[in-house]
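Shared between the two complexes below is chain A, which pairs with chain B and chain C, respectively.
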Partner chain A sequence: MEFDVVGKDIKRTDALKKVTGTLDYVIDQKMQGMLYGKLLRSEHAHAKIVNVDASAAKEIPGVYDVITSTDLPQPVPRFGPIKQDQPLLADRVVNYHGEPVAVVLADSEEAAQKALKKIKVEYEKLPSVSKLDDALRADAPIVNPDSIGMYEELGSNICGNWKFGWGDVEAKNRASSFMLKNVYEFPMIHHFPIEPFSCICYPENGGVAIRSPIQHPFILRRVVAKALHMELSQVRVIGNAIGGGFGGKGYPKIEPLTAYLALHTGKPVKIVLSLEEGFFSARRSSSRVTMNTGFDLEGKIQFQDVKVEFLVGAYADTAPRVASKSSYLGCGPYVTPNARIDCRAVYSHTVPSTAFRGFGMPQIVWAVESQMNEASKVLGIDPLEIRLRNLPKKGEILVPGDRPVDGDWEQGLRKAAETIGWGTEKPDGIGRGIAIGIKNPIPASLSKSIVKLHADGSVTVSVGTSEMGQGARTTMGQIAAESIGVPMERVSLIMADTGAVPFDTATAGSRSTVAMGNAVVSACHDIKEQLTEMAHELFADGSQEEVVISRGTIEAYGKSLSYADILAEYFGPNMGEVVGNGTYKGSKIEGHPVGGKADFWEIVFTAAEVSVDTESGKVYTNKLVNVSDVGCIINPLQAEAQEEGAAIMGMGHTFMEQMVYDDSGRLVNGGALDYRVPTIMDIPAEFISKFIENRDGAGPFGAKGIGESGIIAIAPAVAAAVNDTLGIRFRQLPLSAENVWKELHRESK
Partner chain B sequence: MIEFSYSEPDSLVELLEMLEEGGNTAALLAGGTDLVNHIRIGKRTPNKVISLKSVRELNHELTFCQDGITIGALTTLSAIEKHSVVREMFPALAEAVNKIGSTQIRNKGTLVGNLCNASPAADAIPALLIYNAVIHIVSKKDRRTVPVEAFMKGPGKTDLQQGEIVESIFVPTPPANSGSCYLKSSRRDGADLTIVGAAALVALSGEVRIGLGAVAPVPFRAHAAEKMARDEPVNLDAALDEAVKQANPISDLRASREYRLAMIKTFTRKAIHICRERIQK
Partner chain C sequence: MSTDLIEIHFSLNGERKTIEVKPYHTLAQVLRDQLDLTGTKLCCEEGECGACTVILNEKAVTSCIVLAPEINGCELKTIEGLVQDGELDPVQEAFIEKGAVQCGYCIPGMIMSAKALLQENNDPCEADIREALAGNLCRCAGYYRIIDAVTSAGKQIREANAAKS
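Our next item is the complex of A and B:
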């Protein structure tokens, strides 16, 4: 099948605005009579709020009001996507360093900032926990003890416990030829979006409108409506273009408070957080994964006994779902006849953890793939070979009850190996490593789309998907243009405005191209069916001829009409419109451990070549290869950009990123100077993204999703390469020069 | 809103007048890459910001003579790192300047500003140290010169007295048949703060100079190490132990004291090797 628009390097429609600094971000927007909100944040990890004195702050010229939780409706409104546990402002106690305690409203940012310094808060410090083992101690202070929901265990910091499994691990535990048990840790990291969190809320039509760079406008609408006891129809979320989300802007953060303030004051209210405050708003869960794996003598996996512990923050946010969904794939991409997975999420007095590119899978895959590399060493089987022996074939079952394998994974693995030069001679000091990353998108999700064919033959596509830099505005346009048969320039998009577009679950989980893409295709088909009916109605004279619609032309009954022609013919000149409805509904299964089957498997094969300066410990990534099975590429430029962006992000947690809490539970490196992320100077010398396109995906034109794949297996591939050259195994990240040097130093002692 | 007055004098006389008037509540602005941030975070709260940009006596250009180069108070870091003569004759300076901040910062920031900011981790200072740079200072009453080694007094502290400004830096031509180099240890290759900065100069005559940054309250010349490295070139390791003895680094989020001490040897040794290679050429 040849395409006109799909598969072409169409430039992003927002590229020029981005590079010229003219894209309309929320942070730059203003409204008449708008109030500026600034948050006063807790100095302590855990403390009772004894008193807040805002009298001096209220005296500052330009200050409209200072609000604390005692000024809010009682009980204090709480919000959250899974649990309604997070108060709009700290409710009598603060549960993490940086939790908002009060908000200043003023007619300028400067006045609000000035007033912030005048607020006096009296705290009574309480013991806190910021590390996994401390939070699990029997006598640990309990985080948020009043808030017991569906998953928690009473009297502990267990936020949830999930168990998955099949076969008989105990029996195999006795029968396996060889067993390997190791513990792998992954640090707490921050999304570090360049665009800070920002939002503007204003009263509208008896309800509230929220303008925010939000990935999931419909989740935000639901959460705000629930927190403020409103109808869904009273909350309109206008998802603005996002300057970096990565999951951090998926779930509500400052919006519920801002919406409340807009309703309370009757004025537009804007809150913008600083980059530093971003660290107090979202992070990835850190993890400790204990892998106990049994192999036979050929290196085939006999069982996996996996214990996963995620350290989550002081409120649930979406962390329980991250924990359960990722640990569900705790055996990775391999045929595992017997499995037992036990996952716990553990609360702590730290920033709430949330979705982050890969949704828990980088933590899981770090463990699964490091374990495979260790096994290959102990069993004396080449790392590529041991993977080939355990990789399922297309159509085989990966997780019982879930979607069978939907791609040729061996092809992808071999392509990555070949690209890195696996098996060819290595110069001295060079190490190579390989790893596989896997993820499932959001099961049981829903996407709807409305496509309008206008009287002049141009097209408007309405989707709930947000433009978060992934290029959905361009790819959705391409999918619509291809499906309906008009040039890309004739397609416009309306995105992420809940007042204007139909429902969508989320812009997350690499799902939009498949889920929303299918919804757009189905809406386009609906239009074509209506056009076919119109043609019959106009021209059929007793006989029923075939109507052929191709590239914007309708051929039937000896006539050839453009879309504009047939609309004019049918509705009259300058009138009419054909509206197509499209729906994609994922598999939804009652009692399924994660709600339904995967729409597709997102799989990536990563290979790295490194050298190490043994004197300083610095690791040089000479070559990094990602091969993703995408089924069909909608836009090659975008696909490559997604893979590269994700890989660079992966290099961040592999080499340098880690949020550090001190013994008193204060975050000590929450800022750009002390928390380093990779720059363009830190990318691999040779950086390659390749794709497998077998047109076997569940999405439009056989596509599967990407966006997260590139980040998932970077750390284990790089660590394997470092191990290959130094012989040292790393079971903790990051592999900073100092950490590598310390290990080298230990070895030499 | 942070409020201060801003003036842009066009002559040195006018500038020094203003500076005297402003006293310790006045701040000088050249590139602004440190000052603006310091004001923003409240580290400095000047009542008066005096821009040097229009002072006609202060140089944007690099000037050359037989004995060395003169870097003006307004010479940007970019202008220095890109200059072919600097790259050829003062490679350690070009390399050190290239490691300061990002391209945008180097396009605005000045070397004199970097020096006067007096960060213990300033990249350019170890390089200025090994070239025996001299600081030219001017005030309303007087002119004086100070070797760069004596200019640095502590973190954020310099030898500048009230009413004085740095007019220029003179960097003497390095000895004949010598090689020099600057190396930096940091967490990432993009703009970053220095863990250890090591500048070295080796001459065919046997002379060795070592300048170290980020491992003590002020960047310093490792004189004892230099002497040993000159007298016993085969026993470089022992010489480098002397440099380590002179250092007193802190442990912070960037690196531990232990790692910094080890990297003094690693980076200085590498720098000296590179210097030796450069003499050959």
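Our next item is the complex of A and C:
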């Protein structure tokens, strides 16, 4: 099948505005009479708020008001996507360093900033926990005692416990020839979007409008409506172009408070967070994964006994879902006849953890794939070979009750190996490593789209998907242009405005190309069906002829009409339009452990080649390869760009990133000076991105989703390469020069 | 701290400007809040991320750590000044062409750093480009396409210069 628009390197339709600095992010926007909000944040990890004195702050010229939780409606409104546990402002107690305690509203940012310094808060410090073992102690202070919800084991910090499994692990445990047990740890990471968290809220139509760089406008709408006791119809979320999200801007953060303030004051209110405050708003869950694996002597997996512990923050956010959904794939991409997975999410007095590119899978895959590399060493089986022996074939079952394997995974693995030069001679000091990353998107999700064919033959596509840099504005346009048969230039997009577009679950989980893409295709088909009916109605005189619609032309009854022609014939000149509705509904199964079957399997094969400066401990990544199975590429330029960006982000958590808490539970390295992310100096000398395109995906034209795949397997591939050259096994990230040097030093003793 | 306004004179994107600024305001604040030139972006506000990069007297600087009075008598170029007679600058053109843009938030600063480099050296090697952009963080794109774009823009500029002479 040849395409006109799909599969082409169409340039981003939003690029012109971005390179000229004319794209308005929320931080760039102003409204008449707008108030600026600034947050006063807790200095302590856990403390009772004894008194807040804002009298001096209120005297600062330009200050409109200072609000603390005692000024809010009582009980204090709480919000959250899963549990309604996070107060708009700290409610009598602060539960993490950086939690908002008060908000200043002023007519300028400067006045608000000045007033912040005049607020005096008296705290009574309480014991806190910021590390996994401390939070699990029997006498640990309880982090979230007020919030009794669906998961907590009362009287402990366990926020949730999930168990998955099949077969008989106990029996196999006795029978396996070879068993391996190791513990793998993954640190807390911050998303570090370059665009700060920001939002503007204002009263509108008897309700509230929220302008925010939000990935999931419909989740934000629901959460705000619930927190503020409003109807969905009273909350309009206008998802603005996002300056980097990565999951961090997925779930509500400052919007519920800002929406409340706009309703309370009757004025537009803008809150922008600093980069440091971003660190107090979102992070990846740190993890400790204990892998106990049984093999036969040929290296085939007999059982996996996996214990996953995620350290989550002081409030649930979406962390319970990250924990349950990722640990569900705790056996990775391999045929596992017997499995037992036990996952716990544990509260702590730290920043609430949330979605982050890969949604828990980088943590899980770090463990699964490091374990495979260790097994390969002990069993004396090549790392590529041991994977080939355990990889399922297309159509085989990976997880009982879930989607069968939907791709040729061996093909992808071999391609990655071949690209890195697997099996060829290595120069001295060079190490190679390989790893596989896997993920499923959001089961049981829903995407709707409305496509309008206008009287002049141009097209408007309405989707709830947000543009966060991933390029959905362009790819959705391509999918619509291809499906309806008009040039790309004739398609406009309306995105992420809940007041204008139909429902969508989320812009997350690499799902949009498949889920929303299918919704757009089905809306375009709806239009074509209507056009066919219109042709019959206009021209059929007794006999029904076939109507052929191709590339914007309708052929029937000896006539050839453009879209504009048939609309004019049917509705009259300059009038009317054809409105198509499209829906994609993911598999939804009652009682299924994660809600339903995967829409597709997102799979990536990563290979790395490194050398190490043994004097300094610095690891140099000479070559990095990602091969992703995408089914069919909608836009090659953007697909490759996604893979590259994700890989470099993975280099960050592999080599340098880690949020550090001190013994008193204070975050010590929030900000650009002390928390380093990869710069242009840190990228591998060579990065190669390749794709598998077998047109076997569940999305439009056989596409599968990507976007997250590139990040998932970087760390285990690189660590395996480091092991290959140094012989040292790392089970904890990051592989900073300091950590590598320490291990080298330990070895030489 | 004096809060008296200070009058400053400077050239902004080729136009002479006289404005009054607060002595403690940064150049980034003045551009964004006083002059409504929001193409210059803000992120770390401590000179570490490069999102607010502008060209001051031919050098790329982070405008979040330049005090506004310091630009008195200077020549300032911002992202808004790159389009000439409706034509994109070759650097802007190359960023689109090479797919170097994703979320776009770091891009104005990235382009200004690249522009400053190419004004000084229109035939940079990869190491030159990496050094010139080392202070510009991008969290989306992975930098490779940005290097391609700057290389390609340099080539464009050299070819245009050759055609003129």
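Everything that follows uses one rule, which is that the second predicted complex is superposed on the first by the 749 of 749 C-alpha atoms of A that agree within 3 Å, B and C clash if a C-alpha of one lies under 4 Å from a C-alpha of the other, contacts with A are read in each partner's own complex, and residues count from 1 in each chain.
Here is the rule we use: a residue touches a chain if its C-beta (ideal position, glycine included) is under 8 Å from a C-beta of that chain, and two chains touch if they have at least 3 such contacts.
Computed from a prediction, not measured in an experiment: that's the story for all the values here.
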Partner chain(s) touched by A:A56 [first = chain B, second = chain C, both, neither]: neither
Chain B versus chain C as contact partner of A:A171, first or second or both or neither: neither
Which of chain B and chain C A:L673 touches, first, second, both or neither: both
Winner by number of chain A residues touched, once chain B and chain C are compared: C
First, second, both or neither for A:E615, with chain B first and chain C second: first
Which of chain B and chain C A:G21 touches, first, second, both or neither: second
Partner chain(s) touched by A:M681 [first = chain B, second = chain C, both, neither]: both
Partner chain in contact with A:L297 - chain B first, chain C second, else both or neither: neither
Partner chain(s) touched by A:A641 [first = chain B, second = chain C, both, neither]: second
Which superposed partner A:W741 touches (first chain B, second chain C, both, neither): first
Overlap of the chain B and chain C footprints on chain A, listed as residue numbers: 673, 678-681
Chain A-facing residues of chain C, complex: 32-33, 38-46, 48-49, 51, 78-80, 82-83, 88, 92, 95-97, 99, 101-108, 111, 129-130, 133-147
Residue ranges of chain B touching chain A (in the complex, touch as defined): 1, 185, 187-193, 253-256, 259, 262-263, 266-267, 269-270
Of all residues in chain A, those that touch chain B in their complex: 108, 110, 615-616, 655-656, 660, 668-669, 673-674, 676, 678-682, 736-738, 741-742, 745
Chain A - residues contacting chain C, complex: 9, 11-12, 14-25, 27-28, 109, 191-196, 241-246, 274-275, 468-471, 637-638, 640-641, 644-649, 671-673, 677-681, 683, 687
